Amino acid sequence: MSAVDATSATEAGHAAPKRRLRQGIASQGAVLIGVIYVILWVVYAAEQPSALSAYSIESLLNNSLPLMLAAAGQTFVVLQGGFDLSVAGIISLSNVLVAVYPVEGPFGALVNLAMVVGVGLAVGATNGILVAYMRIQSIAATLATMIVCQGIALLILKAPGGYVSEFIAYELTGSLFGTVPVAAVIAVAVACIWLAFRRTNTGIALYAVGRDATAAELSGIDVRRTRFAAFCWAGVLYGCAGFMLSAQTSTGNPTAGEPFLLLCFAAVALGGTSFSGGSGGVIGSLIGAATLMLMQKVLFSTGVSSFYTGVFQGVVMIVAVLFAAFVQYMSRSRGNG
Amino acid sequence: MGRDQLLSVTGLAKRYGATVALQSLSMEVAPREVHAILGENGAGKSTLVKILSGVVRPNGGTMRLGGSDYTPHSIVEARRAGVSTAFQELSLLPNLTVAENLLLPNVSGGPLRPSSRGDAIAAARDIFAEFDIDDIDPRWRVEDLSLAEKQRLEITRAFSHKPRLLILDEPTAALPDTTWLFDQIRRLTGDGVAILYISHRLAEVRELCQRATVLRNGVSIGTVDLAGINDDEIFKMMVGRAPEARFPGRAPAAGDRPVVLEGRNLSSGRMRDVSFELRQGEILGVAALEGQGQLELFRALAGLAPATGGDIQVDGSPAALASPHQAMAAGIAYVPEERKVEGVFGGLTAAANVSLPKIGAISRSGILTHAQDAKAIAGPARAVELADRYFGFRMNDLSGGNQQKAVLARALMSGARCLVMFDPTRGVDVGTKQAIYAMMRDFADKGGAILVYSSELPELVNLCDACLVIYGGRVAAEVPRGELSEQYLLTAAHGHVGDEPMKAAS
Amino acid sequence: QDKKKIYLSLSYSGNSWQSEAANIVKALAKTPPYNETVELVEVISGTDPQAQISDYESMIADGADGIISFPISSTALNRVIKRGCEQGVLFFMYDATVTEPCAYNISYITSGFGENTAQALVNALDGKGKIFLSRGVPGNSVDERHTNGAKHIFDQYPGIEVVSEYYSYWDDRTTQQETAKALAAHPDVDGIWAQAGEYGAIEALRQANPDRLVPVTGENSNGFRLALANPEDQAKGLKGVSSGSPPAQSGYAFKLMMEILNGDRELEPMNIQYPLPWVPADAVQLCEGDTFENGCNAFPDGKVPSSFVTEVFNPELLPELSLTSALDGEPTPGATIQPLPADVVVKAPNEPGINCQRCEPPADLYKLTKIEPTVKPGN
Amino acid sequence: MSVEDDMTATDAAAAAADTRGAARIGSEPITIAVIFGITVLLILSSRFISPAFGGWSQTETILFLSSFLVFCSFGQGLVILVRGLDLSIASMITLGGVLTTTWLAGSNDGIWYVIPAILAVSAAIGSISGIGVTVLRIPPFIMTLAMGIIVYSLCLGYTQGTPRGYPAPALADLMRAHVLGVPAPVLLLAVFVAIAVVLQSWTTFGRRLYAVGNNPVAAHVSGLSTRRLTIGAYAISAMCAGFTGIALAAYANGATLRMGDDYLLPSIAAVVVGGSSILGGKGNFLGTVGGAILLTTLGTILAALGIEQGWKTIIEGAVILVALIILRESVYEAIRVWMGRTSAG
C-alpha cells in the first residue's frame, strides 16, 4: 500500500545481485513478529511473575484465539489483494446463533460448529461472488454484507443474552488432559492447515493473484476461482472465530463482532502481510493477533496512566513495525556484505 | 492451400468500446512454419495474440485449428488445444519462484494436494535441461531476475507446454543475444511445431521466417513470401508510404565541445571502475551483453541506485545524483529499462504520462487542463510518431510500442540536456525507429548529449559518435566513430579485444 | 500498613458521564481517610469486552481486593468475574450490570426510567401525538429495557404514534444528527422520548425551527435541565422531565464496597437499586455553589458544559463531593468520608439478561413509581 | 498470393486513413452520473415513506448532514489515491472539535487565529503520519491506526475525559444562518467541493498524486518527490478531518471525545462507493461527494422508516449492495459500447 515500499524494493532488487529464495522471505514476517511476541512476553513475565502460571497462559490464549482466527481468515483476503469487512458481521452472527440455538454435548458442539461454519461459508461465498465474479471492490462489497449480517444478528437476538452449551463453554476453553490448552491446539492446527494449503495450487495462486492478477490470468490461473476460494476460507475462519468467542464469553451479543474489525486488520499488518497483496501469510497474522492481546497485558503490567495508555499502545505498535523493518534491514545488509 | 494449414483465421475483429483494435484479419499458418506477423505499433498484433491464446474473445471472425473450430475461452483451454504463448508484456509473477512460475497453474499436481518443493524444483530443472538453460536457478524469486532472464523464462514456459502452435510476441525485445532462442525455435519446428513470430526486427524475421502476414490499422494487408520481397516493400505494406533513409547523417566529431556528463571510476553492483566522458552534441553508445553492469551505470546516472564508488560530474562540477529528482534537476532524463514497472502510469492517459515532467511549467498558476496537456505534448509526440488519437487513451490500453513511444516522449518533454536511454527502441516499429534516430540526432545537434545502450548493434554502429563496450563490469573498449563495426563491438562485448580474452572483474 | 488495592475498570472513557463517574471514585479515594487506606488504580479497557476480560484477569492476578467497574457487557465477563470471586475479589458494577450472581450490581436500570418518562411524555401530550424514540445503542440490553418500558406505556395510548425510532448512541451529537434526519421526514413531530443525548434532540429542534419546540423527556444533562427551566423555551413548547442514569452510582458503589472491605458492613452479593432521579421542569433549581444544596439540581450556564451530567451528587449518600470531584477527580477540601446510612441498601428486582441470567421478572415490572397518568389509557 | 497483388492492396489501404476511432468516454463521468442518479431516485421515491420527503427541505437536510462526511472524505480520498488509508480520521475529528471548544472557550475573540491554528496542528499531525508511512515505511494501516489511538489518548488526557467549553458563538450562528434562502452550511459545502475538485482534478499537485498512486515506482523514476507528495496527502487528510471537527463542534455546540467515530468507515465507504479504487491511483472527488450524499440519504430515509432496527440495517446493506452492482465496471463497459455504437452508426 505504501507508495514508497515499491520504490525501495526495486532499489534493493537492483543494487543487490544476490538472489533471494522464496522460502526465507515468505516466512520472514512471521519470524519477526514472533521475535516481538517473545520480547513482549519477557517484559510481561518480568513485570508480573504470575504471568507464567498455567492458568494465566491458558486464559491469555483463550482470550486471543478469536482474534487469531479472525486475523487468519482476513489474511486470505488480504493476500489476494482485498479487504474483508464482513468479519465483524460474521462473528456477530455466529456468536448469536451459537447462543440462541445451543445444542448440548460434544455432538451438539459439532452441530453448532457446523452452523457457524455454514453461515461463514455462505457469507464468504456471497462475498466471493460479488468480488470475484461481479467485480465489485472488495472493501465495498464486504461492507454491505457486514451491514446485512449485523442486521440479521439483531433480528435473531435483540440484546445480549442466550446461553452457550456447557460443552462449548467449558471443554473448548479448558486444557486437553489438563496440560495443553485447547486454544493452543486449535491455533497450531490452523497454522498446520495453512502450511499445507500454502503449497497447494490454490495457495500459490493466492499469492500470484494478489501480486498481479493480469499476469496470473496469463499464467493460466483461474483468478476468479482463486478470489472466490479466498473469501470462502475467510468466511469459514470468521465463523470459527465467532464460535470460539462464544465459547469464551458463553453468551450471545448481536454486536460482538464489532471490536474485531480494526483489530484483525492491525493483526494482519503486524504479522507482516502487505495490504497490496501477494506477500505475507497466516502464521504472521496468528502471532500478530496474539501480540495485540498480549500488549493489553503488558500495558496493564507496566501501569501507564490510564488516560495515556493509548499513547503507549500506539507507540508500541509503531515501534514493533519499525523493529521488524530494522531487523530485516540488518539481515539483508549483512547478507550483502 | 487451405486443407493442410494448422491455423486459419478469417475476418477476425476486436473492439474495445469505441476503439477498434482489429478490424478484419485473415491468415493461415502451416505446420512446421515460422510465420511472422508484421505491423506498426498498434496495428493489432498483440490483440491477435490475445485472441489466439484465449485471453480476450473476438467480436467477429472465425478461427480453425488443426481442422476444427477453435474458440478458446481461457488460456488453459488454449493450452489444451495446443496453443501456448510468450506474451509481450511479461506474464510472470515476481513474488513466486522461477519453478512455481514455470509450472503455473498446476504446481502441485492437484488442486488440494500440497506440493513438495523438491518435486517442483526437479520438474523445473528438467524443463530447463530440455531447453538448454543452465544459468537460472529454479529456486530464485523472479523479482530478482534481470529483464532478459525473465524474458527467457517467459519463453521457456511457453515451450514447456508442448504446443502445436507456439506464439512468441516480441520475444527478442529484451534479449541481447538471440542465439539461444533461434536454436530452440529451429529444434521445435523440426519437431513439427508451428510458430507465430512477432518482432519489429526485420533481420531476425528474415533469418527465421518463411512467410509473413502484414497488418495495418487492424486489417491484414496480405501474406508475403519473405524471400521474394525487400525491406522497403515490406515497410511500404506496413506503413503505407515509402521509407526514409534508415539512419540520419552524423555531425562532425565532437572532440572539442565541452563535457556535459562525466563519470569517473564509477562502481556499484556489478559495475567496476567505469569512466566515460559525454560531450555536448554527442551520442555515446554503450554495448554489452546481458548483465555486464551497464544497467548499474544507467541507474546510477538516473539517480536510482547511486554509485557506491567514484564520482559523477555534470558540466565539470561534481553532482550528487542521489535521487531521480536530483538527476532531473541536473538536466538528466532517463528512459528506464523495464517499461511496465518503471515507466508507465497505466491508469493515466497517454497525454498525462507524457506531460508529467513539465506540468509545472505548462500549468497556469497550478491549474492544469487536458487541453493544455494535449497542446504541450504535441511536439515530443510528433518526434516519436505517437499518433494524436492515442492521447486520450489510458496507457494500459495502448500497444506495447506506443507505450514505449510515450515513455520516450516524456524523456524528451522533460527539457533535459542529457538523455540517458536504456534500449530506447525496444518494441518500437521499424518506421518509428527511424523517427527516433532522427529525433536523437536532432537532439544532439541542438546541443544535447545522449548516452544510449542498445541491444541492437546496428543501431549503435550507425547512430553513435563513439561507443563504450562494457564487459564484466568494466569498460572493455572505447571505440571511436571510425572504428565502429558490428563485428568489432560483438567481439569486444564477449570479452575479446585484439583476440586477447579479458579477465572478468569479479 | 495494609492498603486495600482497588481497581477502577472503565470500558471507554470519553463522554461526560463516564469521566464524571470515574472522577467521583477517584475523588473519594483521595478523601481522608481513604487517601491513607486505599490504593486506587484506574484502567481503561476500551469498548472491546475481550480487553476488559483480559484486564480483569490481570487485576485478579495482581491481587486486587476489589474491582469497581463499568462493565462493557452484561454477560461476557461472567466467567472471569466468577473466577475472581473464587479468589476473594469483590466485584462492584455501577450503572451497567452483569448477570453473574457473585458480583454486586448497583444500578438505576431497574427503577423504571423508560415507563416513567414515557408516561410523563404522554401526560405532556395529552395522550396523542406523533413522537420519536431516540434510543441508545442497538443490541444493548439497557437500551432494550428502557425502550420496552416506554413502549409498554405508549402501547396503551392509541393516540400516540411512534413515527420514527432511531439509535443515538447516548451521545449529544449523534442524537442531534439522527433527530435532524427524522425531522426531515416528520417536521410536524409532537414530542420526543429520548435517552441520554437528549440535549442534541433539543438542538436539532432549534435548528429545524427556531420558534417551535416540543415536549422532550430525557436524561440528566445540564443543558437539558436549563432548557426545561428556561421560560423562553417553555413558551416555545418545551415541556418534559429529566431523569435517567446518575454518575453518582459509582460513588455509592465505591463507598459500599469499602465498607464491606473494611468490615463495617455485612452484605452478600446482590442487586442494589439506585433511586431514579426525577426532575420535571418546575423542579429545576440552579445551584449557587459547587454542590447540590437546598434541593438545587442544575448549574448555571457557563459553569459546566451543556453535556455535563448533573446527577453527580447525592446529599444523602455522597456528601463528600463537590464540582471539583466530578470535573477533576479531586477531593473536596476539608471533606472526610461519611458512613452510608445503615438501611440504605434497596434490593433491585430481577431483570433477566440485566442482573440475573435464568430468572423471572416481577409481575409488576413496568409499574409507575414517579408519576401518575393524567390521561386515561386506551383513548 | 503474389507480392504484386499485395502491393495493390497496400496502396488501396494506404489511401484510407486510420478509421479505428479513439477512446471516447471515460468511466468517471458515468460513475458520477449514475451515483447522483441513484441518489435522486432514492430521494424522489422516499415520498412514499413520508409526505414531507422528496422536496427541497429534505434535500437541504441531506446536504447539510452529508457535508461533514464530504469534508473528511476528501482527505480520505487523497490518501487512498496514493495507495494509503487514513484510520486516524476519527481521532482527528475529535481533536478538531476538542481544540475548537477549549481554545475558543465560547468566545468570538481569536477566532481568526484559532481556526488556522487548529488546521495547522491537524496538518502537522497528518504530516507525522505521512512521514511514518514514507520515510519510516510503516504500513499506512498501522501508522494511521496507531496515530489515531495516540491522538485520541492525548485528547483524553488533555480534557481529563470531559471536553469543556463551547465553540465561538459566531461559528454556531453560521451553522444556523441562511444566505439567499440557502442554509450557510450548504453553501459552505458547495464552496468546499468546488475547491476540492479543482485541487484533485485540475492542478499539478492533483495530477502528481494520481501519478504516485498509479505507479509509485514510475513516479519515483520520473523524478517526482513521491515522499513529499504522499506526506502532503496525509497532511491534507488530517486537516480536512480537523476541519470536520470544527464544523461538527459548531453544529453540536460542543465537543465530545467520540464525535469522530461515526465518520471513519463511512469516509472510506463514500470514497469507494464513489468509484475510486481502494488500491489507489484512480478516482474522482465528485464521485466521492455522490457517495457521501448517497449514504446520508439512505440514513435519512431509514431513520424515517417505522421498522425494527435489524430490518433497517439489512435494508441499508442491501441498498448499498444494489448501488454497487449498478456501479460496476461492466455496466460502464456496456454503456460505453452502446454509446460507441450509436455514435459510430
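Here the chain labels run A, B, C and D in written order, and each chain numbers its own residues starting at 1.
Following the convention adopted for this analysis, a residue touches a chain if its C-beta (ideal position, glycine included) is under 8 Å from a C-beta of that chain, and two chains touch if they have at least 3 such contacts.
No experiment lies behind these values; they were computed from the predicted model shown.
Seen from the C-alpha centroid of chain B, the farthest chain centroid is that of C. A comparison of the A-D and A-C interfaces places the larger number of contacting C-beta pairs at A-D. Measuring from the averaged C-alpha position of chain A to that of chain D gives a distance of 29 Å.
Per-chain CA centroids place chain C at a distance of 37 Å from chain D.
Centroids built from CA atoms put chain B at 43 Å from chain A.
Counting partner chains per residue, chain D shows two or more touched chains at residues 152, 156, 160-161, 217, 219-220, 309, 313. Residue positions 304, 341-342 of chain B each touch two or more of the other chains.
Listed for chain C are residues 13, 138, each touching two or more other chains. By the definition given earlier, chain contacts exist for A-B, A-C, A-D, B-D, C-D.
If you check the complex, the residues on chain B that touch chain A are 55, 74-76, 79, 85, 87, 90-97, 100-101, 104-108, 110-117, 137, 139-141, 143-145, 157, 268-270, 295-296, 299, 304-305, 341-342. Residues 46, 49-50, 52-53, 57-58, 61-62, 64-65, 101, 106, 152, 156, 160-166, 175-176, 248, 251-254, 256-259, 262, 299-301, 303-306, 309, 313 of chain D are the ones touching chain C in the complex. Residues 12-16, 18-20, 22-23, 138, 162-167, 169, 171-174, 176-178, 180-188, 200, 203, 206-207, 210, 302, 304-308, 327-329 of chain C touch chain D in their complex.
Those residues of chain A lying in contact with chain C across their complex are 48, 50-51, 53, 56, 59-60, 63, 66-67, 153-154, 157-161, 163, 169, 248-256, 258-259, 263, 293, 296-297, 300-301, 303, 306-307, 309. Those residues of chain C whose C-beta lies close enough to touch chain A in the complex are 10, 13, 41-44, 46-51, 53-55, 57-59, 61-62, 73-76, 78-80, 137-141, 143-144, 352-353, 357.
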